[in-house]
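Inspection log for the structure reproduced underneath, given as structure tokens.
First chain written, first letter: the chains are A, B, C and D, and each begins at residue 1.
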Amino acid sequence: MIIEGKQKIWADYQKDIPDDHYFYVRSCIRQAFWPGSEVTFLDITRNKLGKDFYENPYHTTCGGIAYHSDTIPQETAMTIIARQFALMKESGYENYVCSCITSFGCYTETLETWHEYPELEAKIRQYLWDSCKKEFAKPKYLAHASDLIYKFRFEIAKQMKFPLVNVKTGKPLKVVEHIGCHYSKMFPSKGFGGAEYPHVLVGMIEAWGGEVVDYPERRQCCGFGFRQYFVQANRGYSESNTHKKFESMEPYEPDLIITNCPGCPYFLDRWQYVIAEQTGKTYGKNGYGIPALTYEEVAGLVMGYDPWDLGLQMHQVAIEPLLEKMGIPYDPKKKYQGLNGKDLGQPMCPSCIKSV
Amino acid sequence: MDFGFCLSPSSHVKMDTVDLTTFNRLKETNPDINTCIACGSCTATCTAGNFTEMSFRRILLMLQRGKEDEAKKMIQRCMLCGKCTLVCPRGINIRKILLDITR
Amino acid sequence: MLPFVLGMAFVLTYCVVGLLRVIAQLPKDDRKQFWRSLVTPKTAWANIRDLFGDCLFHVKIWKRNPVLGYMHSAIAFGWFMIIVIGHIMLFTLKPLQNVEVQGFEGMFTNFYYPIFYKFFATETPVFAFLMDFFLLMIISGILIAVVKKIYSKIVGVKRVTKFGLADNMIRFALWTIFPLRLLAEKTNIMGFWWAYSIDLCIFMCMLPFTRYMHIPTEALFILLRHAGLNAREPRKGYALAQIYSCPSCGLCIDACPMSVNDKNSGNTSAYFMKKLRNADDAEAKRIAETCLMCGKCVMVCPVSIESCDIKFSQRAAVPYNINSDHSYLDVISTETQRSGEILSNNNKVLYFAGCMTQLTPKIMRSMKQIMESAGENYDFMDKDGGICCGRPMLLSGKTAEAQAMIAKNTELIKKSGAKKLVLSCPICYKVFKDEYHLEGIEIQHHTQYIDELIKKGKLKVNKGEVNYVYHDPCELGRAFGVYDEPREVIENVGNLKKAKSEKELSICCGGSLGSFNLTQQERDEITENSVNDLMFNNPEQIVTACPLCLKTFVRKSPVAVKDIAEVVVENI
Amino acid sequence: MKENILIIGGGAAGMEAATQLQKMGLTPIIVEKSEALGGHIAQWDRLFPAFHPAKDVVDQMLEQVKGVKTYLNTEVADIQRDNDGFHAILSNNEKIDAKAVVLATGFDVFKAERKQEYGYGIYNNVMTSVELEKFFRTGKDARINNPKKIGFVHCVGARDVKVCNTYCSKVCCTTALKQACEIKEVFPDAEVYTFYMDLRMFGPGYEDLYLKTQKDFDVKCVRGRVCEVSEDMDGRLVIKAEDTLFGKPLKMTLDVLVLMCSMEKNKSIDAIQQKLGVANNSDGFMQIKNMYLGMNDTAQDGVFVAGACTAPKSLPDTIGEARSVATQVFNYINR
């Protein structure tokens, strides 16, 4: 691997986004999958970094899931998106940041389509007025939330308490980065680092002391694929994708996977359990899996947030070995306690992969 | 545990592990086996191909891509009539190769 | 004279054991057929005729090549006669003038008396003349053999069989028997008598392991042949008798179309039989699969060895590790039927083009035109692509596998209600004639069919000015003797020139499906040679009666090559 | 009177045009931006289809062009036209007056790093066809270490809207097969694969080369474009392609991957070209007047083109065009 070659590409694919005053929209599924992530994002940006990130309670889904499942036409999806943008404008913002990669893809695609087909934009403008009586607007800058953490990675590093380093050996942790397909595969210029060698997560890993693992199936999709996981009979395809990735990364013995998409960490996490149940194989050491975290969770960890406040107990793959490697103190008893101190109940113990 | 689904086999031909024993054995006695240009004449003229999927072009590929069983299954259809050999623009002795595969 | 006795005893034992072995190896029904043939007057007569004709007088070699015929007869018949006359002298001219037997009396001595008898010292003029005559004959035969060995072309043979050490040794032993005998008698030196005796012993002892085994075996082979047996296994029973009957004379080498390339003359039947005799399985297998199966070697063989049949059985002996599955043929009945409604008309002619003719559509078109012109009630069986006749499968030695195709075609033909089946491909013709059971349906090759149409006056043709030469396809000519019909057809439409090699001596085009191993280049060499032979009298066009020959000749012919049906259509 | 003809570019086209013009009694002047005449072909080891040493051809051309006035390490900085003809100012500030201009500026090799998925410049063992040719000339390349498996990717930067080059680069197919044979000569035990979409063996002897590649060199030709390359733990390359004849995706590990880079128009001439009023085609190459009878003519009288500046061309194509441009120029001068 010639790192200078990658650096050249990273330098070519830098996008210009402001570092403050954003209209923040959430992801539909992340709040359910990883409830700590978006909260942590807002907490870091607002409270730790002192930025202005506004959230409007009236924002909705971007329509992406329905769009990609072919249940709504493109115009409908675009009108939903136009409404989101209108909300941004109404709230007095012109920078738009979303938490979800699917949304990011939809927004990018929509903006590019409007740019190429102004007549479609005019049509949507009308639809928006007809349906919501809202004024059509387009954001000046569109960013994904991971773009901002990428942008703030050195500021976060300054406040870092637990770098991505194995405290016992002193060596950097080996980190696999996994980019959501809709981040830059559709529009390479819209992602930090482009489509082939995205830098957005690599930059965070490097800034926080980890070592990036580039393995043969790095570009492979996690297998989320809306059509695949919606239908039970098709989930095998989804699982097989993940399986292929793990088989490919296994020899590198990664300590951690960091992702920037709602679905990827979910499938990279849950399928490890399913693969273990079906084949008896686990990819971490000593019967553990490889933790697949969101970038907010990793940012939170290095900044010293309590693992359970970050919602890491929501991961199927046990997080404890990672915490121990990084030297992060945690209270095992609190793992399944809610914020109010009540017991959340423990998940059933899987037969293969270790959960504690 | 039954999840109602399972890992699906990869459709990739893994060239690193493909077993080429049969193909290499054929190559020794039939060096012309390499010279196929995949024109498909053999398949188009094939008497059995008129009724089945029989295709010598595919059989050659199957042997090179580790699908020997499929290749042998396809050969079951062959009538050894030799039309393929007559039409091959590269002059490959196809009938002989087909026969050699069965040994 | 111990060496001679030992040799004689050995060879006799070997022959008896061999005879029993061959008979034991015959399949049960074959064996029965064999015994029965011996007492059937017709075959018995043929046996006697050929035993004398072939074994004693070598009629076939004489026919093939008189010089070789003389050479062979001189040595074999001469020797035979010396033995016979010797015995007559023995019984008429006692006391003997034997060098050795003084002091030895008894039954064994009678046995070898004549061998060491001083025949040439006799004073009875008749005997003296006869003995001198036959000895001279033998010596002249040996002289020819020596000349042939040194320069074979003098006796009209381009290529001779190359022999191994054993064959060369025994040949030398044979050549020296009578010169030694002559020396011994003339000088009466004991050493020469010993040498003579040892020489005889060497000859006898080596005989079973060399080509000279054909001397005793041929008689058995003639009997088996007349019994109408077929070689079923490449090295057992009937085939074994044939293997030992092959004298490696090499007449087939020059006859073989492959010999045009010296490298390939090792693939001829003489060597095939030799490899079988030497149990060289790999080579026998290779040669069997290289052979074009044109049958010319069988045609020229002075011993009438059916080497093609043995090659078939050799091919069949190679395992086919595929379970042929032709079940898909079941569903196509209606498909093929669409080309013709079942007619009750008894005069219906069914034309089967076959795979090869599918690649030469002009033959099909010509056939259609001929049938139209003749006002025939006809139907095309495989207009939209039929199934293979099964002959190529058979040629590969896959008898069982061919049955699927044979059965399907039989079914289709019978269903069609046709009374006559016409084939334009001799490859198909052979299998339809040999393997199909189409009772009540006449099978004709299109040469025969067209000839019949012309003769019956149904088809009117004009005699043109073109000079044609006709090439006899192997599977029509040598296989079925269809030589005259095509020639008559051609003479009706133009002038027929002769090829250098005609009829049963015609040379394979080189395209034969019979061979698996020949490369395109090797086939091309054969084709060129065959074309040159056809061009002997400078014809303007070459006419064939086989789509495969047609396709093959077109590659190399300097003049137009046409199927017989085409030239007929041109002259309607 | 001897007329000056300005030839921009001292590659095969420029040299041959100059040779012919000189024989016709005109005065060709070659302006070459690099330090030597010869162009791309001088970087080549052997030529397809018969493995003829490129040096032979270049040396002959250099010998013939000896008497021609040549500026090396020089570019045309500016050019004006008036009724007398063309007035060029060179980068060394010399002034040249000429009656006609021949643009023989040739091509640039496609920058392989633009096809990011092949990882040129990122993965250690990905190289270009030009670099492989250099290896054949010098025997040295750190990437080539007794490789066991070598792959060639055709059409890198050609027939590909993703890099805005929709044309076929013409010579890469034959070059790939030539190089495949050559690498087999160096490493007879190596397995060599070429990944092609169509094998365009357009010239005499090229199809024979293809047959030789298959038969004598056992090079395996796979129809399908490599779409993704990655590096495994040992630094070997894992490639993905579809075997489109078989209808299944392939995955294999290679030691070296050679990218058959296409030809792109040499863009360093763009400014001068603009001043001369010679436009480009949609594929970026210079526009000619007519594809059949006007392949050396541009929209501007007196401005002629030859060689790969108008389209990807093989060496024989280029030489042919250089000779025909000489005739065109001669006729123009004597009109």
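Here is the rule we use: a residue touches a chain if its C-beta (ideal position, glycine included) is under 8 Å from a C-beta of that chain, and two chains touch if they have at least 3 such contacts.
As the structure is a prediction and not an experimental result, all values here were calculated from the model.
Engineer: Of the chains shown, whose Cα mean is nearest the mean of all protein Cα atoms?
Structural biologist: Per-chain C-alpha centroids ranked by distance to the global centroid put B first.
Engineer: Which whole number of Å gives the spacing of the CA centres of chain B and chain C?
Structural biologist: 37
Engineer: Rounded to the nearest whole Å, what is the centre-to-centre distance of chain A and chain D, using the mean of the C-alpha atoms as each centre?
Structural biologist: Distance between chain centres, rounded to whole Å: 45 Å.
Engineer: If you average the CA atoms of chain A and of chain B, how many Å lie between those two points?
Structural biologist: Their C-alpha centroids are separated by 46 Å.
Engineer: How many angstrom lie between the CA centroids of chain B and chain D, rounded to a whole number?
Structural biologist: Centres of chain B and chain D (C-alpha means) sit 39 Å apart.
Engineer: Mind pulling the chain C residues that touch 2 or more other chains?
Structural biologist: none
Engineer: Out of chain B, which residues touch more than one other chain, so two or more?
Structural biologist: 32, in rising order.
Engineer: Would you please name all pairs of chains that touch?
Structural biologist: Touch list across chains, by label: A-B, A-D, B-C, B-D.
Engineer: Which positions of chain C touch chain B when the two form their complex?
Structural biologist: Where chain C meets chain B, its residues are 318-326, 328-329, 331-332, 355-356, 358-359, 385-388, 390, 392-393, 395-396, 398, 405, 511, 513, 516-520, 548, 551.
Engineer: Okay, in this complex, where on chain A does chain D touch?
Structural biologist: Per the touch definition, chain A meets chain D at residues 1-2, 4-6, 8-9, 194-197, 214-219, 251-252.
Engineer: Under the stated contact criterion, what part of chain B meets chain D in this complex?
Structural biologist: Going through chain B, the ones touching chain D are 11-16, 27, 31-32, 34-38, 57-58, 61-62, 64-65, 90.
Engineer: Which residues of chain B touch chain C in the complex?
Structural biologist: Answer in residue numbers: 32, 45, 47-48, 50-52, 72, 75-83, 86-87, 91, 93, 95-96, 99, 101-103.
Engineer: State the interface residues of chain B toward chain A in the complex, per the touch definition above.
Structural biologist: Spelled out, the residues of chain B in touch with chain A are 1, 3-8, 10.
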